[in-house]
Each structure stands twice: as structure tokens, then as C-alpha cells.
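Just below sit the structures, each encoded as C-alpha cells.
Shared between the two complexes below is chain A, which has chain B as its partner in the first and chain C in the second.
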Partner chain A sequence: MSVARRAFIQMSVGATVGILFTPTVWTALDDVSIWTQNWPWIPTLKYGETASVPTVSKMCESGCAVKVRTVAGTAFGTEGNVDNPLSGGGICPLCANGVQTMYSPNRIKAPMLAGKEISWDEARTVVAEKLAAAGSKVAVISGDQTGTINEVFSALLASKGSDAFYAMPCEMQAADKAWTGLMGGSGQVGYDLENADAVLLAGADALESWGPTVANLKAFAANKSGKFIFAGPVQTRTAAVTSKWVPVPTEGMAAFTLGICYYVMQAGKSVPAADFEQFKAMVMSGYTPAKVEAATGVKADVMADVAKTLLAANNPVVVPAGSVAGAAAAFALNLLLGGAMTVLPEFGKAVDGAMSRSDMLQKDILQGVDADVLFIYEANPMYALPEQIKAGFTVAFDSLNTETTAAADLVLPTPHSFERFEDLASPYGVAAASYSLGAPISKPTVNAMSAGDFVLGLADLGFETFEEVVDAKVAAIGADKDELVGGAAYVLEETPDMSGVTLAASVLGKAAVPVKGTGAVALAPYTLLNVGTANQATTPNAPCTISNNQLIGDSMVVMMASVTAKKLGVGVGSKVKLSGGSGDCEALVQIYEGVLPGVVAAPLGMGHTVGDEFSKGKGDNVYKILTVSSEAATGTSTWAGSTVNVAKI
Partner chain B sequence: MQTKEFKIKWGMVIDIDKCTGCGACMVGCQVENNIAPMTKKDPYNYVQALTTDRDDAANKLRTLTWLTVYELSNGKTFPEHEVAYLPRPCMQCGNPACVPVCPVIATDKNEEGGIVSQIYPRCIGCRYCMAACPYHARYFNWWDPLWPEGMDKGLCPNASPRPRGVVEKCSFCHSRYLKAKDKVRAEGGDPMNLPDGAYTTACADICPTKAITFGDLNNPEHKVHDLAKSKNAFRLLEKLGLAPQVYYMSEREWVRKQGDNYNGNGGHGAPATNHG
Partner chain C sequence: MEERRTSKRCGGVLPFIIGFLATCVLGWAVIPGLFFEEVEQPVRFSHAIHVDDQGMECDSCHYFREDGTYAGFPTNEGCADCHAVDPAEAMEAIAEAGIDPTDYDAIMKAEIGAIEDNLASESEENKQAEREYVVKYLIQGKEVPWLNYQYQPDNVFFSHQAHAGLDIAELAAMKNELSSVVDASVFEEPAEQNCNLCHLKDIDKTDTPPAFERNVLSGYSKMTMKMWKCERCHALKGQPNACYTCHK
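The block that comes next holds the complex of A and B.
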């Protein structure tokens, strides 16, 4: 049969009309458009009874007292613990995301030996063998500043005949080296920010990242005087709310503090310390306002003004940060002023043979760690100071994958803070000794084991489980475990004897001289909790809180004043390379007039190479460009005085 | 246009002199309201090789931040420079610009309490409301919410997740209001007269300096009632006449002035006194 032209046209028209009238095509198209846009996965909510369970969170350096919110027994969020003086209802941005971090796919799922999953028994055998072979060449690096877990680790070291306990560089360490080391004091220095009527934050970014941040913020809000002065090279978040910002270079902070001592002593203040006369002579000759102005650039009348404010107050306090010299100068000034600096006693020990907190802070990690077997507990030294760490065999305890766990020989997953017994004794900076405790809220979602339980299985330290250690700690303190687990903190209003404290006149005179590197501009590194700390990277919900002054796209942003930018020949958005220390960083320039001229401010805590997508590859790691220098007079290492060269790329 | 008045008017007074911009409120808000972390990769996208990545938090135009902290600068150079931080939730305007433009009545202000509603299933994603809102308080879901593997276990029971293609905004943690009323009813109290603090938002709860105070602006027993009338209180873009229920306060004059910078310098957009 042949198809004529006419028949073909008739059929085509008929087919077209037919298709137009049949719904099949249109419904199919409609279905395709719907199905291609469907939610592939529909999140469902869990309903049931809600509860708030008090515990402690160790994501920020000082730790937060939180309540974990649960629905039908499943944790979903955190809120502050009103009953605990560390919180008063607030929490920091890191701990606010604690539960999300607990559920993160970045959790370490099981013990791993050289990248292969092994059982806990195998892990214990491996570590026991390595320990036996290492003799006393064992070291510990702890990222926890406040937990009884440090007693377990230090007792293990003691049982091996080692004292190589290292803390990650922290403010508490600088303060302890100044207070118990240089000045002959005992106990831990604290600051009563709530009841002080004039507060000089000498470099301490106390309302953003320094010390027990949330407790500081609470004290700031409750403080009636409202007289807070922030001194530092950058107008930080702290300076945004203080009544005054005094621009002082980091390396000049100790000299600046002594410059204020000058005015205070001129006003007749003294201390019954053995070396007071020597101290007075040292300051009156070496740290006259004119000399300090020449060395630091801070005008004499600015120092006079700050001194006047402090002298007029009944209960003033100076809070240092950074170097040991700066801390010692601030303590001397506090002793002269006789204000709201407090000294906290240390709570009794739970584990025999454990070190005291001050002993744990003696070793200087910046001078390097070398051991046959190195335990790293919830710290990230391979991110912050990779060049300092050398070990034959590294065992990393952590709940999240980090640069340190990636480089370790054996990785042992710890339960998240909310899945274990966790305690928090007197974070550095609080006004009175306090102890908080949390019991596990849920079972670990991964094959994790408490680091305490694991270590207690390696040596006979008198306990079987970490919970027993915590019980012993509570008993040593004389607190009630049920009350602590119920969310109340144990607070001890007791002050150790302060007689016999000296002003470290002989050391301070030399140590307070500003020492600066040779780079073109000074580097002012700063920490924002939502960006992360040395040990904890930013959390899943935090990246959208990070501002364009820290991160644009995947590039780090450094801030400088317009005069500095002009001098360097850069402008907003310029891509620059900062070189200093042992490396370099790439960054974009932002003009922020709240930076001292000649200084570039860079955020710490970014540029991770291991971790989840929220932190990995975001920005650059400023720790690479910090210069470790030795503060000769105090015998300690410091990052203060770091400088960098800036090149446009 | 008339300002809608209610017997109860939930509002906030934010003390800028206490805000350090730490971001805890923003994180708390996201957790409370099930705002998913921004992820680039979509494990459910089986043709990933053919499509572009999703946006992560680096793209600030695509993030969902019902509460955003802005940085304010007095604009001066060193050493006169000053900085302040301003958290911005939805203003829950008495005379909202977003409501009349919505073609499907997905957003309305008609519930006792004065919270501007957002009905996600009704929203068609036209984004007229986003264009209308002078506070940039509304956000569009450019992507389906996606929690990294395992993280969907910890969803908050207070807010249902929204699909892509709809607009969302701060609701003053509305389900907390419902719960507070239920609780008071169960205890035999009057849900129309909640005591101060019985209903607060997640951001006000979590703020370490308690810079955010939340309560009923009409109830003299609530702290916000007096705070909103204090001499340093101001509202953002007050001259637009949208009557926001969120107040700010600062002792710093330059901060207060920036609250209404729309009419700054008396030039462009100055009060319409000389209109014919």
C-alpha cells in the first residue's frame, strides 16, 4: 500500500490533534516536573517528652556549664544552666552547637591503628607493649585544662617515672608561670569581674575568647560600675562594649602595665612584699611614662588616665593576657591596687601520684616534645604547633577527626562530653574555686571508650573506671555527687595565704622590655569562638555566623587600619601573602580602623586540612606564621611580638 | 495603612551596649528552628557530575540566618573608631510591609501576640515579601535542607523543616509561645496573661550577657514594657512607619543615629513634610 501525500498530511494532523487532546502527555510532563523536584529525603521530627539535663561541655577552652535538651530521650540542643555560676543561663557559640557536633559524621567511629580498624582489646595490647618498651620516655599532651582526666594521665606518667606532661599553650599557663614561678605565689589567680568597680583588660579579650568567656560576659552584664577598659592592638568584640579601648601593641603590654604601676606608686600605693623597694626603683627608673611611651607608642597621659580610673575605684582589677611578663606586671599592679584579684586554692586530688595543676603547667610545649610514646588527649598540636612534636609512637584520644588524629599511629575515639562523665574544676579566670560535673546523657553513637577507662586499664592507679575517679574527686572536694549531677556547682570561697609573694622585680625589669620581630608589620592574632580554637574547629551551624571580616568564600580575611594598608600598598579585597614564623598564609585585606597602625589582625582557628566540610579548607592557618620567641628573662616561650611581611599577590 | 494592635504584643528590647557579637544567639536560633547547616554536596543527588554544587555558608546571599548579627562602625578612622554589634531578628512589624504583598496570604499578622506568621505549605516562593521587607529579615530556601549523615537524629521538635522554594523568617520561636500557653492553662492560669519569662525565644535564652530581653510590650509587669520606653531606646528605620516590635537601646548616640540612617543627612528620603 502506498501512502499518498494527502493521506500522510491527514495522518500527521490527526496525530497532532490526537496528542493535544489526550491527557497522557501532559500528565506525564507534570509528573516528571514533580518527581524531579521531590524532596529526596524528608526530615522527620521526633516527638515526646522534652527535658533539660545539666552537664558540662568541653568544646571551648574553659568549658561551659550547659543543659542538654532532649526529646523522648534524644539530645537535640543545648541551653545555659542558670544554677551554675559559670553559665547563668548563657553559653558560648561553640558549646551551643555541642549536640550537633556529637552527631557529626566527623566523629571517629572505632579505634584505628595505622588506618585500620581494630578492637579495644587489640588497642590496649598495642599500647601496653609500646609503653613497656618506652620506659620513662613517655609524654602526654592534654587539651583539657580543667578535667580530672589530667590526674589520670599524670599519674600514668608518674608510674612510668616521667614528668613530661604538656598543656597546650594557654593563658592559664602564662599566669601560673608568673604567679607561682616568678612571684612565689600559690594557688590560681582569679578576677572578680562582677564586683570590681574598674576593670582593665590588659590584652585579655575576656568578653570574646579569654578565660571563662561566658562567666565573664555574665559578670560584665551584672557589673554595676560599667567601667571596663580594654587595652590591646585590636578593637576586639570585647572593646565593642567596654567603655574605652586603649590601643597598645601586644609586645608592649607588660611595659604599659608597668607604666601604670608608675603612676599608682607615685600616688603612694605600696605592697608589703620583700622586693617592693627594688620593684619601685626598677619602675621609677626604667618604666617612666616617657620611657614607656617611647617603647610602646602609648601616650603618657593615656596611661595616667587609666591609672586615675583604677586609683579612684574601691575594687579595681587588672586582667592580663599573653606573655608571662605581662601577667607578672599585671599581678604586681593588682597587688599595688589591692582590688578584685583573687587567689583560688586547688581542690584535693583524686588519684595518688597525680600532678598538681601548677606542675602540669610547667613544661613548655613550644620548646618541643620528644618521646617514644606520646599520648595526646583531645588536643590538636599537629594543627597549632606541628613542628614541636616528635614521637616514636603517637596515641591520639579524640572524638573528632583532626590533623592530630590523622597523623597519629593509634587513634582512640573518646565519647563526646555529653556521653561520658566529665568534670570542670575552676577554669582559669573565675573569681572563686568551683567544681561542676556531668553524667552521661546518652550512649555513645560510635564505638568509643572513655580515655580514663582506657588508661586505668594500662596501669594500676587504684581505680577500675573513670567514674570511680570522679567519685573520689567529689569525695576529696567534699561535694555531693547528686547535687553536682543535678546541675549545681560546688563553690569554695576560700583564699590561700598570699604572704611571701614577691613582685619579681629582678626578672620583670628585663622581661617587660618590648621585643618585636623583624617583619614589616606586627601580627595580632585573635580568637573568636565561632571561628574555633586551637583544639576545636568551627561547628556545623557556626560558619554562617562568621563575618566577612574573617572569611570571604574560602579565603581568610586579615584586618588593618587604612594607614597601614596605604603604607603596604594594599586595599580592600587585595590578595596578600603573609610570611612569618616558619610559613606563610594567604589572605584578603579588609580595612578595619580598629587596628593599631602598623599591625595586621588575623583570626586563629581556620585553615584546617582534616575535618568536616565546615572547617576543612576554610581560610588559612595563622599558627603557621606565628614566631616562637624566647622570653629570655622569664625562661619561657611566647608568640607575642610576632611580625610578618606582607606581599601583594 | 493602620498599625495592627493586639492586647498582647510580643517584642524584644536588644541592648547593643551589651552585645559582643559572639554569635551564640545565631547558633541557638538555627538549632531551635531546624535550620540545616549549609553543605556543598548532596548525597541524594545522583547526577552530581552534571549539576553544580550547592552553596555553603560562604555565600552569605544564600544562608538562612533568621537572626543576623550586623557590625556597625562609626565610620571614623583610627583612633576615633568605634564598633558595635546589632542582632537583627524579624521585627514583627505592627504594620508589616511583607503582608500586603503576599499573593497567597502565606504571611499574615492576625494572631494575638502580634507575631507575623509564615505558612510554609502555602508559600509559593515568589519572594515579593523579601523584596518588600526593608530589614532583610526574610530568607528563601534555595536548597533543600540537608543534614550531614547522622545529624538529622538531633532535630528540634519545635519547628518543622521547610523544603526548598519557600520563604522563611524568624517566628519569635512561635511553638515556644504555644507551649507556654499550654503550660499555663494546665496549671490553671490565664494564657492571655503569661508571667514575664514564661515565654522567651531561643536567642534571648542563650545570650551570655542577656543583651536580648523578650516579653509583652503591652504588659507593665514585663521588663520590656519599660525598657522599650527608656530614653536610649530606638527602632530601626522608624520613619518608614512599619512600627517594629523589636526595640534597640544604646547609650552611644552614633549607634542610635544609624538606627534610622535611611533618612540620614536629611537628604534623600527625608521626612515627607514638603509633599504637595
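The block that comes next holds the complex of A and C.
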């Protein structure tokens, strides 16, 4: 070995030992260990002031008063607004995911004409040309039940000489058709669930999906002594916590309610209505307990027991759901009982020429929409009722891609509720008229424009921006905008004059007769907010809360009683095809004795063909198998009485 | 035999010692410096001007919010209280001048009145620093990406409020035990506020912020306190050292 080599080795050994006596190696190892934790794709937190900013969310049908949690001005979560009576600190499963939906990759990024991105100026030019050519053959379908945006759209229709304003089928529409249409009332019916001492939920799944669900839950929790009874074909989650579940078929709810009217009038109750005697005669002859039992299967003594509970109460109320006849029968019963049903006045209008809420609810979308130009505002009729929609040119306003935006000629992205001025006036079901308002919390993350701003650019409606419309609405109501934006609700305790109200005796006698389809079993569709609604698919965090009674894997689950399953030759886990209406659905069978025999309960809101990974391809679309039928005498359409044939596959 | 003698003469411990000493010197004096690169703050912010000249207090910018959280760096909203340039007005003037709003150099050279008339600084050097802040951040609506000398990763929950009561004078009693954790010189003339314990000593007196020394491997600041230092102080102060104390 040469000297140089030996010395080099010795020096290297010395250097190696020497380096170990310095912090270099150990520090480098420490730094490398930290480096391994710092990959660029690891998300980082945003730091800054956290805040809870009040606003309103329109993801559920009634809308929620919420607070959006922000950090350094960036929204990261949604919670209830304890200062607003609609919320009381609670929030529904859909609106709870408002922020996640706002950041969803399913957001519509820019105006799209026939699948091609265009500018807003081009979009306005196209729509203006189509509108000019359409004349009065213009229609609007709105998925918003409570917003002043409907005034803008209806005023646009009025400026074109059209009254074709359509609401998506909703409980508020059935109630309005019954109250203002059949019974001659004015205003909007409400229910004081918190102060009622006996509540008959006649089909209203009030603690799960009906009406202002969050406010209902708060009222239910606060009402310590009230007795709640649920009547319906399925022992829903609402029925699971009420004092009693009375199994009543959907199509028989009006007759069941009149059956209770029988006992109530027998006990001497009356109403100073012009047609009371006619109503009494109609019920006493046509809806005797025996006849109702024969028509609905509900035992006379069960009805008597429910009537006894209502009669014994000081402040009872009946809450209907479903058909117009069912609503009218419930309102008649409420008038007889004189309890906790309230009537809310409508707030003043902001836009001249706009329709009243009741006028907006008159058109029956189930009978079909046909227009040269159709505006669809945050509704999904192509999912829920595709066969009813016909239009020469469809303009869809929405923040998310849906079946409707996919089918529309022109798609215009709207800001998310948290990115725009949004208001919420008296959702159907609340006890008193209320108005809530939200201001934008963050800028749109996409190239969106308020639908109000866009429409106001199409016609001279007296406003330049939707914010001006909202200001006018607040002024018309007499509320304080700052207080509203601060999260408080404006509540009006007035009651409209009810002197001219009748009991719709001439119509109810025929309308309450149960009408059922010809399928093998009755279909009881039900809504769970975590599954979705007709307009809003399930949201990013909600699928993990959907139980095996609604969805297993990608398969929808329908529930039926064991006696029904036996009759159909199916069992737990059987794969079946349900045929009805204009289509069919595939589902797995679950046995649940909380379903009326002869009925199959199926969840609405699944089976989307457009959407995100959480909703697309999950389950099947039950709207396909609903049967639209004309409700005798009331002249309205209904899904009640839908039946299906069930085949094992 | 000749070869073996040579080996004895040139071998032994001398090369070993040379190698040992060489790497010791390099390892202590040279190599540690190679782990860090100096990065300037995005804006030349003078604490001296704001504190000494304008009489601002530390908590004018670095304050506790009502909910107890710590504001840390000031935001444009706070800076705009004094640097009263109207972003909309400035942007409008920039557009009128036909300048690309993202061409910062062109904007600064153009001496836009809506900006220049509202600069608070007096000397040209300070005015240029203020101008850069206004043009690059304030009117653009972008927050200044300040470099945090004490940067901690997201998985560390550090509460300034929980440490607000530490008193340097009291801690001086254990300065020997803390010598490896904090700069021992902070105990010589204890400041009224305890910021010097962890932050750059007397940064409130600097006219130009010192460069941020970024570790080229980990990306962290040279001043980022390692976990063992947190634990040492916690132990000395009788505070819990459970994982969840800092990792929520």
C-alpha cells in the first residue's frame, strides 16, 4: 500500500469521525426527516381572523338561516344561526354542506351556449333576441319558494304579457291551492307547533323533510307537553318520535281527516263559515267512520281516538301534506278546532308588476310547460318531471351542473347562496311571517352572475341590480337591512282577515274520495334531506349518513312490510324492478314493519345522471315511477295514489 | 522494509487528526451555514419608523383578537388605516394611464397621483418601500406574504395567549437551563414584553427587516423552534408535554 493511499484512508476515517463530533449529520438527518413531511400536495391551513357570518341558504326547499364560518374571509363551514327563529342554532343536512357545495368541482364555471363557453354579453344578446321573438310565449320555472328573485322573474313575464310562472311541486303550492283557491282565504297558512298541545301530522314528515324542518325540530324539542301524532303510510323518523303513528294510505289522508271532522262536529264544534251546514251534511253523510274505514282501512275507533285527543286539547293543530284535498280537509278541521293554525300575511312587493306568492303558485307544472323561451331558475325539472317540460329555447340558471342544465340550450351560472344577496320570506309552515336576508360572504369562485342582475338587464323593471331589489323589499317590509344582514329575522305577527273563508264543502266531498292506481302495490315516496330533494342532490358530506334502508352500494333500497314482501314473493336483499308512471326503477328490498301492508316505500332524490361523485349513479330516480293523476274536483294534479308493479329480477 | 518504514513515518495518527480537525472545523463553522439561504421579506418594512417615529405600539399590529386568537401579521385592512390609498381610485387612474395593473415597475415609474399623493413617508428610500407595498399589494387586494421567522407547521397549535404571561425577568432565574432554548442575551436587560424570548431580539428597532434564513432541506426558518425546545421549556415550567398539548 502506498503512503498516500494509507494516509488518505486514515484522514478519511478521521474526517468521518470528526464530522460525527459536529451537529452537521444530526441536523441534516433532522432536516431530512422534516423534509419528508413537506410534500407540495399536502394542503395547508389558512390563518386569520375567524368569524361566523350570518346569511341564508337555499339548498333545502324551505331555506335555512345559517352562519358561515370564515377564516381570513374565506368560508370553511356552515352552522345554524341561533339568532334567527328559522334556525334557533340548527341547520338541515343539505345546508350544512353549503360551503362544500360552494367549492364543488360540479360548479358551473361560465355561461355555456350549446356546450360552448360564451361571455355574459353574448348570453344577454342571445336571450334578448330569443325573448323578442317569443312574444308572450315565455315561461319561468322556479325552484325557489321564498326569494324575491321570483318577483323579478314574474315581473319579466308580466312585461312580456305572460303569466306562465311555475313552481316546482311543493307542499306550499298544495296548501295555497286549498286555502286561497278552494276556501277563499288569503295569506299563507302556518302552524304553531311550539305552542300547540296536540299536533296531528297528517302526512307531514315535519321532523325530517316537511316545511321548515329545522324550526319544526326546535319547536318539537321546546314543546314539552304537546302530544304529537303522525298519520301516514310509513312510520317515518318523525313518526318514530311522536306519541303515536296512525297508518293511513297517502291517497286516503283527506278522507281520514274528514273522518275526524265527523267526530269533531259530532262533539258540537262549528265554524261561522257560509257553507258550514253544507260541509257538515257532506261529512256526516259521506265520511262517516264506517265509510272512511271502508275507503282507507283506518279503524273507526282509531279516528275517534285521534279526534278525542284533538278535542281535549286547548290549542290543537292539524298539519297536512300531499294533495290539495288533504290540505283543504286539514284546514277545515283546524277551523273547527280553532287551535294553533295561523295565517300569515304576505309581505309587500318590491317590484312593480310582480306576481303575489299565491299567483306564482297557481300554474300546475304537472300538467306540462310549453313555451318558446323557458327560464329555469335553480330547479331541476329535467330530473323530477322531464316529460312535462317542452320549450323552444331553455335558459337554465343554476350554480351546479344538473340534469336540467345538461339539457338546457343556455346555461347561466349563478353565484352560490353565500356569494350573493339572498332573501328568505316566510317559508311554508312557519307560525308567523318572517323575513331573513343574507349579503355576499365571498366573491364567486367562478364566472357567475346573479340571475336577478341578468334579468334586470333584459327588461326595464325599475332596478339596475338585484341588490337594489332587495333594498326595495326590505323597505317595503319596513325592516332594518343592517339588522337583517346581522342575522336577525324580521317577524310580523299580523293575521289577515279570515271572515270570508269557506270550508270548500262543494269540492271536498268529491275530492277527498281516495283514488288509487292499478298497480300491484301503492307507492309511498318519501324525502330525506340527506338524500336530497327534487332540486338539490345529496351533498358532499351527507352520503355517509344515508342508511342501508335507502342505499346499499349504488343500489337504492325500498322498504315494505313482510306481508307485502311475501305477497310479492320477495325477501330481504331481493333485487326488484318497480314499474309505474312512465318508467321503472331498480332497487333492493328491505323488510320494515313500519310500512303499511300493500305499500312500498321508496326514497326520492337518488338516481342522478348528472352531478358529482356523491350523487351521480347512486340509486335510482323514483320520480320516474310516480303517476300524475288529476285530483277530482280540485282541478289539480297529484302524485298521491301512485302505484307500482314489482317484479323480482 | 523500506516501504514499512515509510508507512510508519507518514502514517500513524497525524492524517487521522488532520481529517478529524478539518471536518470538525467545517462541521461547526462552515457546513451549518450552507443549510440556509437568505430570503428578503417581500416588503422593506421598517419597525423603527412605525414604532419610534410614529409612536405605534407592538399591539397596534400584533394584537389579540376578542376571541383570544392572535392576529400575527397585520393585514391590508389594518395597514390601510394609515396608508390611505383608495384601491379603486388607484386602479382607475392606472387604467386611465394605460398601464397594465400587474406591471408594478411601470406603475411605480408613472408616479400616479392617486398613489403618490397619499404616501406617508418622507425620505425617498422610505417612500419607495411604501410605494412598493401600495402598488404590489394594497391596491391589488393581495395580502403581503410576510415570511414568518418563527414559522411552525400546521400540525403545531401554538397559542400566543397561553404564553402571554411569561415574564423574562422571572425566567432569568433559570437562564442556564434555558440557554439552549432561547437567546441568553435576552436575560441581560429583560424587556417589558416577552416577545424576545422566541422572536428576533429587538426586531422592533430594525429599519430593514433581517433576511429570513430558510433551511434548504426542510424549508423552515432557521429560527423555527424545534419540538425539543418547546418540551424543554414546558418541563422546566412544569407544564404538560403530552402530544395533544400542541398537536390538536
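Keep this in mind: the second predicted complex is superposed on the first by the 608 of 649 C-alpha atoms of A that agree within 3 Å, B and C clash if a C-alpha of one lies under 4 Å from a C-alpha of the other, contacts with A are read in each partner's own complex, and residues count from 1 in each chain.
FYI, contacts are C-beta pairs under 8 Å (C-beta built on N, C-alpha and C of every residue); 3 or more make two chains touch, one makes a residue touch a chain.
If you're wondering where the values come from, they're calculated on a predicted model, not measured in any experiment.
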If you stack the two complexes on chain A, which partner ends up touching A:M102: first (chain B), second (chain C), both, or neither? first
Which partner does A:G14 reach: the first (chain B), the second (chain C), both, or neither? second
Where does A:N401 make contact in the superposed view: on chain B (first), on chain C (second), on both, or on neither? neither
Report for A:E49: first if it touches chain B alone, second if chain C alone, otherwise both or neither. second
With the two complexes superposed on chain A, say which partner A:G90 touches: chain B (first), chain C (second), both, or neither. first
After the superposition on A, what does A:D612 contact: first (chain B), second (chain C), both or neither? first
Would you check which partner chain A:P23 touches, where first means chain B only, second means chain C only, and both and neither mean what they say? second
Using the superposition on chain A described above, determine whether A:T527 touches chain B (first), chain C (second), both, or neither. neither
Under the stated touch criterion, which partner chain does A:Q536 make contact with: chain B (first), chain C (second), both, or neither? neither
Can you give me the overlap between the chain B contact set and the chain C contact set on chain A? 37, 44-45, 47-48, 50
Give every residue of chain A touching chain C within the complex, in rising order. 1, 3, 6-8, 10-19, 21-25, 27-28, 30-32, 34-35, 37-38, 44-45, 47-50, 72
Listed in rising order, chain C residues that touch chain A in their complex are 6-7, 10-13, 15-24, 26-28, 31-32, 35, 65, 67, 69, 71-72, 75, 153-154, 215, 217-220, 226
List the residues on chain B that touch chain A in their complex, please. 17-24, 26-28, 30-32, 34-35, 37-42, 44-45, 56-58, 60, 63-65, 69, 71, 73, 76-79, 81-85, 144-157, 160-161, 163, 165, 202, 205-211
Can you name the residues of chain A that touch chain B in the complex? 37, 39-41, 43-48, 50, 69, 71, 74-80, 88-93, 96-97, 99-100, 102-105, 107, 207-208, 213-214, 217-218, 220-221, 235, 237-241, 247, 445, 528-530, 539-549, 551-554, 561-563, 592-597, 612-614, 618
